[in-house]
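In what follows, chain A forms one complex with chain B and a second complex with chain C.
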Partner chain A sequence: MAGAAQASSRPRYGGTARIVLHDRVSNLDPTAEEDHPAARDRLASLLFETLALVDDQGRLRPGLASSWSLDESKRVWQFHLRLARFHDGSQVTAVDVAASLSRAGIPWKCTPSDRQTVTVEAASPAPHVPETLAMEKFAIVKRQPDGTMLGTGPYKLNEWQPGERALLVENEDHWDGRAYPDAIEVQMGASLRERLLERQLGPYAAAELTLDQLRSLDPASQGVMVSHPADLLVVLFLQADNAVAGKPGKKPVDPRVREALANSLDRATISNALLQRKSAPATGLLPQWLTGYEFLLPNLSDRANARKLAANAGPGAPSAPLALAYDFSDPIAKLVAERIGVDAGQVGITVRAYGDAHVNTKTGQASVTADAVLLRLPLRSLEPAVALAALAGDLGLDPEHSPASLNAARPEELFEVERKMLENFRVIPVAHVSQAVWLNGSTHNWQQLPNGVWGLNQLWVEGARSSVP
Partner chain B sequence: MSLKAKLLLLVALSIAGSVAAVTWLIETRTHQTFREIEQDRTAVLVHQFQRELDREGQEITRGVDTIANSDSMLRTVINLHNGADYNSHVDEAAGYATAQRLDFLDLIAPDGAIISSAHWPARFGLKQHWFLESPPPIPQQAFLKHVETPQGNVLALLCVRPLHTYGVNYYLIGGRKLEPVMQGLTLPEGLQFSIYSAPEQGQGEILGAKGSVPSANLMPLIQQAIDRHGEASATIEWGPDLPQEQIVHAIALPGYSDHVPAVMLVANSLGQETALEKRIAKVSLIIAGLGVLFGIIGGGFVAARISRPVKKLAQAATRIGEGDWDVRVEPGSQDEIGKLATAFNRMTLELISQRERLVQSERVAAWRELARRLAHELKNPLFPLQITVENMMRARQNTPQQFDEVFRESTATLLAEITNLKTIVGRFSDFSKMPAPELQEVNLDELIRGVAQLFQSQLTSRPAPIELELRLGDIPPVNGDPVLLRRVVENLVLNAVDAMPKGGKLTFSTELNHKFAVFELSDTGTGLTQEECARLFTPYYTTKQHGTGLGLAIVQSVVSDHGGQISVSSAKNFGTTFHVELPLWEGSREGKSNGLGAGVE
Partner chain C sequence: MLYFAHSRFMLKKLPKLCLSSFIFLFRLGIICAQPTGQSLVTAAAHSLVQDVLSRAGSPSALAVSFQNASQMPPDLQEAAQSAIYDDLRKAGVHVVKPESALAELKIVFSEDWQSDVWIAIIQQGPSRQLVMKKVARTERSTAPRSPVLTLRRSSVWQQEEPILDFYLDSHNLVVLEPTEVALYTEESGQWRQRYTLAINHVQVWPRDLRGRLHVNGMQMTVSLPGTLCSGNVSPPSLDCRASDDPWPVEHGQMIAFYSAHRNFFNGILAGPNAGASVIPFFSAATWPSGDQRQWLFSGTDGRTRLYQRDLSVPAAVLGGLGSNLAVIHSGCGSGWQVVGSAPTDSVHPDTLQALEVAGREMQPVSAAVDLAGPVSAMWTSGKNSETVNAVMQSPATGKYEAIVLTVSCN
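Showing the complex of A and B:
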């Protein structure tokens, strides 16, 4: 989706763009675990840049790397760095880049070839290295001995109150020139109740909206920008079937119960009624609009089969209630989790849904007592193979799934990888959910990629002190 | 138990019984009063709750009616009827519910599908049939029913309103939770109020109870109320954790259908009643204790006055029993006790008079018996004397030549009979002149052994021999006259020999029995009847042809003069045993008692 807000006049420098984030971000480190990684990436992308970028058409564009090349074996990639500087004025070198990528857990060998060239070498042909490195997780970060992080982004961090507020000021030395606004002020978790009642954003340039907030606005007339249904709402059973990999102390849920639950879900009602058509029923992990093959995955909605499966499950199941944890700060997750409980009850499975603060991180998942969690996972890349690998990592599935998807050169191979990821019903896709942002009329050039990632490079706000020369 | 003790016990029991009766009466009346108060309090609380329930129901009905009659709801329903997508109305109910302060609100399609649910939006599309399946009309008033929520079943007060649109009915079901109604009640002290929520499926629970109430104790009562569709009451003992007793009323509350959705529980503490009853019991105990104490003191005084003359009477009777016929009792008063003393004295005089008459008659009888015996004894020798004299006279007259020979024979006979008469007279003389025993130390074993030796040869050489057996116990000496005692033993032996004409066995035995030496002589003779045993020691009584009847009387007299006693036991055809007890010689008795003492030590 292209930027919706059209410039009513020529861009102007200056001003402060005040943005409201629904979620609270506690850590800006792109490699750290975070309860709300999509919100964190939105902030982090203003401070830290990746070697490659993806435009609103999903095409690769040079980022910190001005160009890259692949050798004939299709295993070795060379990235040529542009002359860029970190926020402390130091120049970006291949050593900095290699260190940052290695720390971020890049799945390939990364070494500096010369001062401005980084070599990424895979064991087998790796067609999606640039798309992978375009993910915010692999943004280039220079870590100071005192623990502070330096980036190369168009904004520098000026003030930081974790979970509350961030003030970013423009980076004069940015390799692509300075940003239009003097600063971006981000407020996290601020209430929009009064704004929504007045249907006026007031002092804010933009606000992230949840789908239930979106209902009170007329998307056509209120400057609301809605992404493709990209985020994945998915039920993840925490305990793997093999006890070693699973969480100790809790038994894996009977696969028949999992399959019954998958078949019990009324995904159409969830997407159309509860999520007000701002989502799409999910039968796969990746959305249809991205892969084109999701419709080939089995459409699990067979309640008669679900009842049979639940009835045939082992002793104790399904009469023992399944505990389903969801992010208590996400009203959509609560609504969908309750609906899952209602649907499961129709086939004889009792699901007890409850809110928890840290279901989105692996550390949090290790501490919850639930049988399953309802996750909302962002679509991290517009390249299906990379996005699937990222989802496999987020879901903590078998380690071979990520390399397999990254190595998939053809859609058929990717389809097979995804099918395998779903075949034991440990992961039950529920819906692909859109993201929405409410823009003030004075905000211009706000870009949003199809997966909901913001592009604020060309952002400017009215009321600035001067126009572009 | 003495009369005085009995009187005191009677007084104490009477006082204690009276206090117990009064206590029981007070406690019964107290119990009734508390029950009446408890019933009044319960009725007031039930009325209060019913009023609150009605008021809340009216508010809910008003709220749902307001929504149902609003233009916006009418537009919504018309839109839905005209084919509007249900999906776009999924949030419709929430706003209405907030405006009317309803906890629950569902907008439902004609087929029962939930279009919008304020309290559980996720139930969109699910079918609700319970109100469609019930026979019309739909009640206008609010009613109790359980509402499904994500947290489980919640007891609620609901109201159903149909929304008529072009011939079809959409429905609004709105309501509020019941718990706030309960919390609004003003409870008197000691009264507890709660509701047992009984959903159609799943476990019931008690709402609004303060503290942990073990519902297991209440379940039978609750079930009783549900089965009756009415009221049930019981006294509940909560156990060690909640020691207080309560009387609990369970009242079934009607719902939308026959199913009882809830049971009202009113618990009235019996603490005050129990405390009062304990105090009454405590005070009663004190009163009873004091009453018994004063009763014993007063009763003791009265009993002493009553029992003293009775005691004197008893003592006098005892002395009379001991032979003191001169004792008299002072009447003392004119009451029944005095009359009793007078009667006692009169009775004593009468007894003395009767005894004297009895002695007189016995004396006469004895003389008569003596005369009869004397006549009998003397008649026997007199008859031969008469015959002999007449024979001499006839011989002198008829056969003078043989007279000398007859004279010689007759004089010999006369002399023999006269000797016989002398013997008889001598015996009577001896009996009347029984000498007083000259007491000395007598070895009874030696004495018996001597008598046995004397008779040994005579008895064993008879045609029907009698065997003698000695079982002498080496007893200490007795206090007696050896001559008289020898006479006793010889008399008993002769008596036994007469009882064994066909021979047998005569057994002598001695043993020590406390302060007496016991001598027993057993034969294997014909034995005696009970009557014979009873009369055996009577003077002049004999079972033998030629006995005087004085032998055993003399024996008894001698034994009695020695301070001992004699008895006989016998069975017909199984022999007779004479049992003689004689006091021990003083010296030997002291020695024996000393020895016994030493032995004991």
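Showing the complex of A and C:
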């Protein structure tokens, strides 16, 4: 029974868990556009709760709803709310929940049936409603007239400096009992350079690591958790084929050039060398580990075909530089964008890669002059149909794709939806990338779902005295 | 149709209604008959072939090939291939070479993170169709070890709802849950639910909720944070009230006060040790040693303290133990052992081991028993402390499993 001198399996109360986020979060609203939505969701999930939860095995668990039922038509769901209170002490009602879900853009009709029951009604059978409502986007938020947002989560917002720091304190009245730590302090964008040199996290309970930071640590011995390769690194051409041409920099790129670019990429080198094997080459939008079928999608790595396609794209087309914007705050995106430029050059396509601050939001994409953007999109659900629908939304693809994904009853139907999303090469998957978090030895019960989402509801930290109330 | 959110596939809340699916074979140490890998494979093969023939219009001659893109073991793959061939044959399909086939069928054994995924690719001329089936994975067994004493575990019961404690005799199973006490009786080798008794409480339960169930004859006492319930197993009754009365940690030998809003004992003892206090602790054990007593406390600071003779000063402060420990009277070895959990996080699978005090140290006297999930409760049980009741949550199923532990001499 060897073990650490100070180790225990039951959680202890007290203390402050200090967490470093790599990305800066400017807005905690789960429905707002955000440059780094995954980081925002990590913070927001501590404040705002969803009706259902998904655990690390992909199972649905009760959240703010204690149970739910589905009628025989498989169109109408009823969610029964537990007795819970917002952070101002007011009780959560079905009216609050319906208002919150409607504002978040739930794709179905949502109405309160009675004080504690919410009805969600779809036009056709909707098998994935609970999984959809487990996404942080659909967390329940009560909006005050002055614009402040109230949640029901295990922590309350005590201090908020956008992009810099957040201090969350435990919610003594939480329906599931108070959280173990007294507080969670989040620092955004803090440098980990010294910590990495010393290989000690020091005062921090946990720190989000980029893959290049991971290089200096031994994941096996230094408390590093690496998720499945879940984030999608993808090239998105901003202008759809049916869009109005003429605006500078916004002309649809010739589909043959897009296909040529897709065929030019050396995905294996990108995954194995640049991303240090903490990723998997992507031929689909959803990773193989999630669906089991990604390998059926065509493996586009055919440079001879790419050269041919580029040459046939019309006079001048291959030689006109393609502008590719990437998130300038993401060192991995920079590396991969530059590599895409090298690969494209091999087949006669010139790619000019440059960093930009706001490529991740639709508003930001509308203002960039690039032809395409390199995005890193989180896998928002462990249910493949819900995850694909969310990706379709994030990528701004044909609005028909989301409902088609959500209505897919069988894996082969979902495969077909995904195949269609990729067929015009407006979206070019590059890699599925892991997320990593570095944990201090005194941090316990940190859970990371396979898609990298943090589960902190059982988190506790050592070094705190057990206060006996 | 009512669903509860305890399963990815939203299983109906079966345990209360359909107990017959759980076969009680306590004496044999078996909880229920799990489908074997072979039977899962046969059923999956049958279903796949039916769908393939339905899509392909039941061609009389098929060319069939296989590819394993998963970690399915070779014996299972072989079994799957045989089952698929059998089903095709039974459906009147001739398996032929590609040049004489009406259609080609390629079956890929793939996998996702939860299950195997069998994919059938049906090629008929230029047309390609797909059939995909998710197939549950079978669990792997662990290798046995050779210990000094043997710590044995017997599964008693599984359910979706959390189990805080339970009582078991040859006719009754009483299960303490956060919101009720469920009473079961044995009928033809199966547990059948007779009653559920609601636990009425005013305060919100703390996280990591713990509770203690004590059954003496037909009387039962339930201790929960800030709440005490008393009643009867037969005729069934339960009356709960707010209370800060101490909990019985060990029958008659240790009684201690529990924090009403947390997950630990506050260190103030009652009963035989009234007036004594130790640091706050998660669990404790006491046992006779000659004509004196020894005590072990798993402190909330992560250290385990051993007291010998009296409770004034610890004789030793020990590391390397988890926060769940309970004493067991086996009659083997020194007669008494402590069953301790490993110092893992409570979200990871646990390990249990029998230990004895040697001087001022804890020595393992059994092999470690690896569990599939974390232990959420562990209490000494039996009239003479001859068993330990433990509860484990399976990460695979999410279910809570009641386990009885015994120590036997080799």
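Rule of thumb we're sticking to: the second predicted complex is superposed on the first by the 451 of 469 C-alpha atoms of A that agree within 3 Å, B and C clash if a C-alpha of one lies under 4 Å from a C-alpha of the other, contacts with A are read in each partner's own complex, and residues count from 1 in each chain.
Note that contacts are C-beta pairs under 8 Å (C-beta built on N, C-alpha and C of every residue); 3 or more make two chains touch, one makes a residue touch a chain.
Being a predicted model, the structure only gives us computed values, none of them experimental.
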Check: What is the contact status of A:His444 with respect to chain B (first) and chain C (second): first, second, both, or neither?
Finding: second
Margin query: According to the stated criteria, A:Gln458 is in contact with first (chain B), second (chain C), both, or neither; which is it?
Written below: second
Note to self: Looking at A:Leu335, would you say it contacts chain B, chain C, both, or neither? Reply first, second, both or neither.
What the structure shows: first
Checklist line | chain B or chain C, by number of chain A residues touched | finding: C
Check: Once the shared chain is lined up, is A:Asp35 touching chain B (first), chain C (second), both, or neither of them?
Finding: neither
Next item on the list: May I ask you to decide whether A:Asp231 touches chain B, chain C, both, or neither, giving the answer as first, second, both or neither?
Entry: neither
Next item on the list: Kindly classify A:Asp266 by the partners it touches after superposition: chain B alone (first), chain C alone (second), both, or neither?
Entry: first
Margin query: Under the stated touch criterion, which partner chain does A:Asp96 make contact with: chain B (first), chain C (second), both, or neither?
Written below: neither
Check: Between chain B (first) and chain C (second), which does A:Arg12 come into contact with in this model arrangement: first, second, both, or neither?
Finding: second
Margin query: Taking the stated contact definition, name every residue in chain A that is touched by chain B in one complex and by chain C in the other, in rising order.
Written below: none
Notebook entry, point to check: Okay, in this complex, where on chain A does chain C touch?
Noted result: 1-13, 52, 55-62, 65, 67-72, 130, 173-180, 228, 288-293, 295-296, 410-412, 415, 444-447, 450, 457-458, 462, 466, 468-469
Check: Where on chain B is chain A touching in the complex?
Finding: 86-88, 90-91, 120-126, 150
Checklist line | In the complex with chain A, residue positions of chain C that touch it | finding: 1-8, 10, 69-70, 108, 110-114, 116-117, 119, 121, 130-132, 134, 204-209, 259-264, 266, 280, 282, 298, 300-303, 319-324, 340-347, 350-351, 353, 355, 362, 364, 368, 374-375, 395-396, 398
Next item on the list: Please name which positions on chain A make contact with chain B in the complex.
Entry: 212, 215, 266, 269, 272-274, 276-277, 335-336, 338-339, 341-342, 346, 353
